[in-house]
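Common to both upcoming complexes is subunit A, partnered first by subunit B, then by subunit C.
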Partner chain A sequence: MDRLEQPLPCISVHSLTGCAGEELVILENLQKALPLVRVVSFPFAQSANEMRPVDIAFVEGSVSQPHDLEKLKAIRATARWLVAVGNCAVWGCVQGGVCRRFTPEQMARDVYGQDNQIAALPSAPLDKYVRVDVKLSGCPIDAGQFLSVLASLLKDHLPYITHKPVCLECKLKENGCVLVEKNLPCLGPITAAGCGALCPTFGAACYGCWGPCEAPQMEAMEIVLKEKGYAIDEVISRLTAFGIPQEIYSRDKPLELKVSRQ
Partner chain B sequence: MEQCFTFEKEQFPLFFEAMSEHGTVLAPVRVSEQSFAFRPVSSAGEIAFEALRTILPPKKLFYPQRETILGYEGRTIEERKPDVKPQVLFGVHPCDLAGLGVLDAIFSSDPADSHYLARRKATIVVGLSCMPDRYCFCNSVGTDSPEKGYDVFLTDIGGSYFARVNSPAGLQLLQSRPGLMQPASGDARQQYKDFWVNRDRAFQIGFKSGNLPAIVDMEWDNPIWEELGQRCLSCGNCTPVCPTCYCFDILDVASLTGDSGERVREWDSCQFSGFAQVAGGFNFRPGPVDRLRFWYRHKLHGFEDAYGFPTCVGCGRCTVSCPAGIDDIVGVVLRLQGGQDGQGGEER
Partner chain C sequence: MTDHERKTIHIPEVCRVEGHSAVHVDIDAGKVSSVTLDVFEGTRFFEKIVLGHHYEEIPHITSRVCAICSTGHVLAAIFAVEQALGIAPSSTTLLLRELLHLGMLIESHATHIYALALPDYVGAPDLSDLASRYPDQFENWNQLRNLGAAIQTIIGGRPFHPVNMHVGGLSRFPAHSDLKKLLAMLSSSLELAFSTCDLLLSFKPPVARTTQPVFLALVPRETEYGFFGNTVRSSEGWEEPVQNYKQYLGEHSVPYSHAKQSTARGKPLMVGSMARLSLFGHRLGRHARSVYTASPLASGDMNSLWNNLAQAIEIVECIYQAELVIEKLLVELPRGGGDTGLKRLPPKAGQGAGAVECPRGTLYHCYSLDDRGHIAAADMITPSAQNTARIELDIREVVTQFVDKEPETLQANLETLVRAYDPCNTCATHMVSVKYN
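Let's turn to the complex of A and B:
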């Protein structure tokens, strides 16, 4: 590099407890960003990694083990912008949602045996422990959204990330509606767009992996799905499978309370 | 200008050839068991003549779902010219012709939307007659007969199409295949009239619309809004499908490299909670009840104020697209006309 040039902005990509889906998306698209940034740490993709101050740190995965938490705090301390990428980092995903009904101890015992060495925490999204500057949901994230977040942050702008419902993307693609036409339990109306309405485009119901849209109308969704013959338990388990806390949907009346009344 | 011809249905491929010569032919095709969409077609066989309503109305061909309107680089801003190609829009029913008429009025009033108008100008519109199903109510809002907005309008009179011509471009299209068109005979004219009389009798739902604007205002506090709004998902399915909804969002999309980027406009919906939110977080229509009532008013009354016409053209798209089943315009109007007790008004 020409010594007189401005140093390139530094980024890092880290993973806590997750499936590496986000890291794959980032790796696949890194080529487009490489002339513009220096990757100082990306253990998934390169062998020389430093823990030093960066402009942007992308963090995938949920906090599910004590060493996740240590790592997260160290990243936060050295990053100007901390971006939570993927449903795990933003909402907790399945390890926070589906597994909610078990204790960490019980799961460790059942999966790894009595004398396992697993030190597990109840799985949580990053913002339970540290300040998160940008949350980019997805399971996995959308490459276009990732690049636009990067482009904005490199210019020191907060990125625009849509929270309109999946139905918008679905209709703009002119898909037949699976909720209306096939009575499938599509959660597009209450789920944030960004995926390009991927599931409905292939004729399947949206199962809410992106997390809630800007103002999810939970009660209406419940009414509509119930009228189509879906049991309320099924609706709730679909809704919370990806780690979205039940309270977020209905702040005054948590879903759980309503259910126990029925 | 109005001239009448007929041609036999068997000859339709010839007519299709003539359309293709002008440009890309866009016609309804089947996209799912229940749905249709306007798509480019390369042969008459692909056309779903039976389509009543497409998922999205033809507005998408003039005002696309997502479109770059300008590009910027440093301090230089450059308008992006629309990509305009000659095209023929085939199979437009009277409600959608009226819908295009509404958008024409809106997009051509100052400041005119040059992209919309350029695409509109490059398009030949061929209308097609239809028989209403149980969701059509164009006759209640006065958009049931093809009046304007088309170059050629075809009425299905059995073995033949009865073609009415409304523009020089339309006439040229019909005359480009010598011998295809016959001047409409007396019999054909009678069949044409019979078709429209029968079609008029075929409507299954409707209301009398004369007093509508006043009633929508009077019933602003009717409990029906609360009742329907409680079911509203704020999913926004009702607005992209409406031939007369035109609201868009503007997004600046920065490019990764340098100081450049693009300004994009994308269809938006007044049913989203962020739509009427302003700086500081204040929201003029915070809840689904507010937003649904606003939408109904806009469709049934709102544009009386500014333009002198309501904007619902009676296509029934919102009714069939709403997952919550609350965009039953006809049912709601009848209830509003009947007053607080929710008893039906006068059906036609």
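Let's turn to the complex of A and C:
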């Protein structure tokens, strides 16, 4: 059969609760994908949207309200591959981090008043509720990584996504180390790469927005940051701000137990 | 349609806006009985998210309020914290912040005009249709957006969520060679910006509101048109320092929406490109001024749909200003750029408010710091929240005036109207439905 007559694979792009950053990255790179796929739903970018079976559904944002959950379940039911894109969908991002400190009810009361009718759920990543086939973190996702995930899935391959630490990319760029040389509280040693070691390249400390790397060496990170004079509560505050569960950094005991809070 | 008919216009999800919102209009015996713009974006409680974090972390966190205007949220936060700490940024730092901000305005305005608003005017239901039937416009968008993204990448580190902006200054200066690349891109984009204005001037707005809104915008800190300032001016003739924002800007929750609504001294208000042009159009540089003075805006036609045109005029101005800023930076910065030697500032208790003119209007951040430099209290008022009450009033005026129009046409017009405000629901934490009862 003539290749042109074959129907194009279908994709959809959805957002739950987030900053719309992944949608923006996808929109800005869609031109490269348009010859290869049909976009059947992308409400951020087009008016004609259908909820029907797709080969790949990209979902950004966290589940933060009952409406998000209904939508996610409907998307899962229509998608062959469900790809969680961005820190919100993979880890829960800042709105997930804050839900470990306050309940949604407390926050709604404080921000919207006593009589608010906000139906909020504790913000959570997608895999709390549905099966997720591919997790592509980033805040925002890297355009190159997005296109390579798309290309792999279009070829029926699960994509390879690096979880090496940021330090690896930083060394490849031959940057000076901002942790060692500038005493900045850089989280690069325990954070997943993919950004091209962006913050250290700009002379600033990595703040962990892509989530943890594989087997993060938390004990060593803690020792180094203490040596540099950073209070542990500040370190933890930085670590958990972008939705990363604190437990993930400790192998046998929760980090919190070792900490004396002020 | 008789006067006794009850109708509803309901737009369950306004597409081609950032985030999620619905419009609901009830019409009773030919009269509009209620209008609600419901933002059903999930709430994220940013005022709580920042609590307890060190001030250094705040710009990175508030950046995540909204991708497309992340630079605005970063800068408003930095200005507020600097105010609280009692420090003033250097003139070089301010120039670099300004350049980054101009990049955001170009990227955001271009994306709104071409990818989000234009399909209404040319009747393109989806992106591949727009890309295949309007390849030139699609290409214009790409070029202008790339320009904005390039500015933000060179100055801030990436197209949005910048990493190079900190309380007190930047961590790295750009190299002259990179700035010169931007200059070349800017000068080749000016024509595109003019043609964007021409394109928008060629569309006749299908509907119009019937009253003039109250406009609010920051008084630019220099004598030129601009986006940073410490004082706000109202079209009703008053001025107030940003630090007093709580006194002139009312903010309240509404039961049907996750976005709060604002009023200026009790009245619905409009912020954004049209407000800025209306108040400070006389300060535009020569390129943008020539377009502005020949446009319906200069003759007082304040139809909200012209906000798209206002954005296009601002793209022209932003390109012009970015060139001027780069010329100054080429004198002030070391040739190779490089590390700035930014130092951590000693913490101090205090309170401060900061504001910037974002693509959609004035954005306020306000923080209280404790003596360790951690956030004790926070408040943010977004442009989209400020516009919501005025959007509802616009819808009411338009529906009242065109109540006999075909519901499908009217609904489409209302979506176009809402979209012209370029609402950012992720910011406002809001949709369109018109119900005729």
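As a working rule, the second predicted complex is superposed on the first by the 252 of 262 C-alpha atoms of A that agree within 3 Å, B and C clash if a C-alpha of one lies under 4 Å from a C-alpha of the other, contacts with A are read in each partner's own complex, and residues count from 1 in each chain.
In the analysis below, a contact is a pair of C-beta atoms (placed from the backbone, for glycine too) under 8 Å apart; a residue touches a chain by one contact, two chains touch by 3 or more.
Since we're looking at a predicted model, the values are computed, not measured.
Enquirer: Record, for the superposition on subunit A, whether partners subunit B and subunit C clash or fit.
Expert: By the criteria stated at the top, subunit C and subunit B fit after superposition, with no clash.
Enquirer: Using the superposition described at the top, determine whether subunit B or subunit C touches more residues of subunit A.
Expert: The larger set of subunit A residues in touch belongs to C.
Enquirer: Kindly classify A:172 by the partners it touches after superposition: subunit B alone (first), subunit C alone (second), both, or neither?
Expert: First partner only.
Enquirer: Angle at the Cα centre of subunit A spanned by the Cα centres of subunit C and subunit B: state it in steps of 10 degrees.
Expert: 110
Enquirer: Of the partners subunit B and subunit C, which touch A:150 in the superposed model: first, second, both, neither?
Expert: Only subunit B; A:150 stays clear of subunit C.
Enquirer: For A:46, select first, second, both or neither according to whether it touches subunit B, subunit C, the two together, or no partner.
Expert: A:46 sits against subunit C, while subunit B stays out of touch.
Enquirer: Using the touch definition from the top, say if A:38 reaches subunit B (first), subunit C (second), both or neither.
Expert: After superposition on chain A, A:38 lies in contact with subunit C alone.
Enquirer: After the superposition on A, what does A:243 contact: first (subunit B), second (subunit C), both or neither?
Expert: neither
Enquirer: State whether A:120 touches subunit B only (first), subunit C only (second), both chains, or neither.
Expert: The second partner, subunit C, only.
Enquirer: What does the superposition give for the shortest Cα distance from subunit B to subunit C, in Å?
Expert: Value for subunit B versus subunit C, nearest C-alpha atoms: 7 Å.
Enquirer: Per the definitions at the top, what is the overlap between the subunit A residues touching subunit B and those touching subunit C?
Expert: none
Enquirer: Quick check on the complex: what are the subunit A residues that touch subunit C?
Expert: It comes out as residues 15-21, 23-25, 27-28, 30-31, 34, 38-39, 42-49, 61-62, 64-65, 67-68, 93-95, 97-98, 101-102, 104, 107-108, 110-113, 115-118, 120, 123, 139-140, 198-199, 201-204, 207, 209, 234, 237-238, 241.
Enquirer: Tell me, which parts of subunit A touch subunit B in their complex?
Expert: 32-33, 35-36, 147-148, 150-152, 154-155, 157, 160, 163-165, 167-168, 171-172, 174-177, 179-181, 186, 188-190, 214-215, 217, 219-221, 223-224
Enquirer: Any idea which subunit B residues touch subunit A in the complex?
Expert: Going through subunit B, the ones touching subunit A are 31-35, 37, 54-56, 60, 65-66, 230-237, 240-241, 251-257, 261, 266-269, 272-274, 288, 320-324.
Enquirer: Show me the residue ranges of subunit C that touch subunit A in the complex, using the header's touch definition.
Expert: 13, 15-20, 40-49, 51-54, 57, 60-61, 64-68, 70, 111, 115-116, 119, 125-128, 131, 138, 142, 145, 149, 157-161, 163-164, 166, 171-172, 253, 255, 258, 260, 339-340, 342, 426
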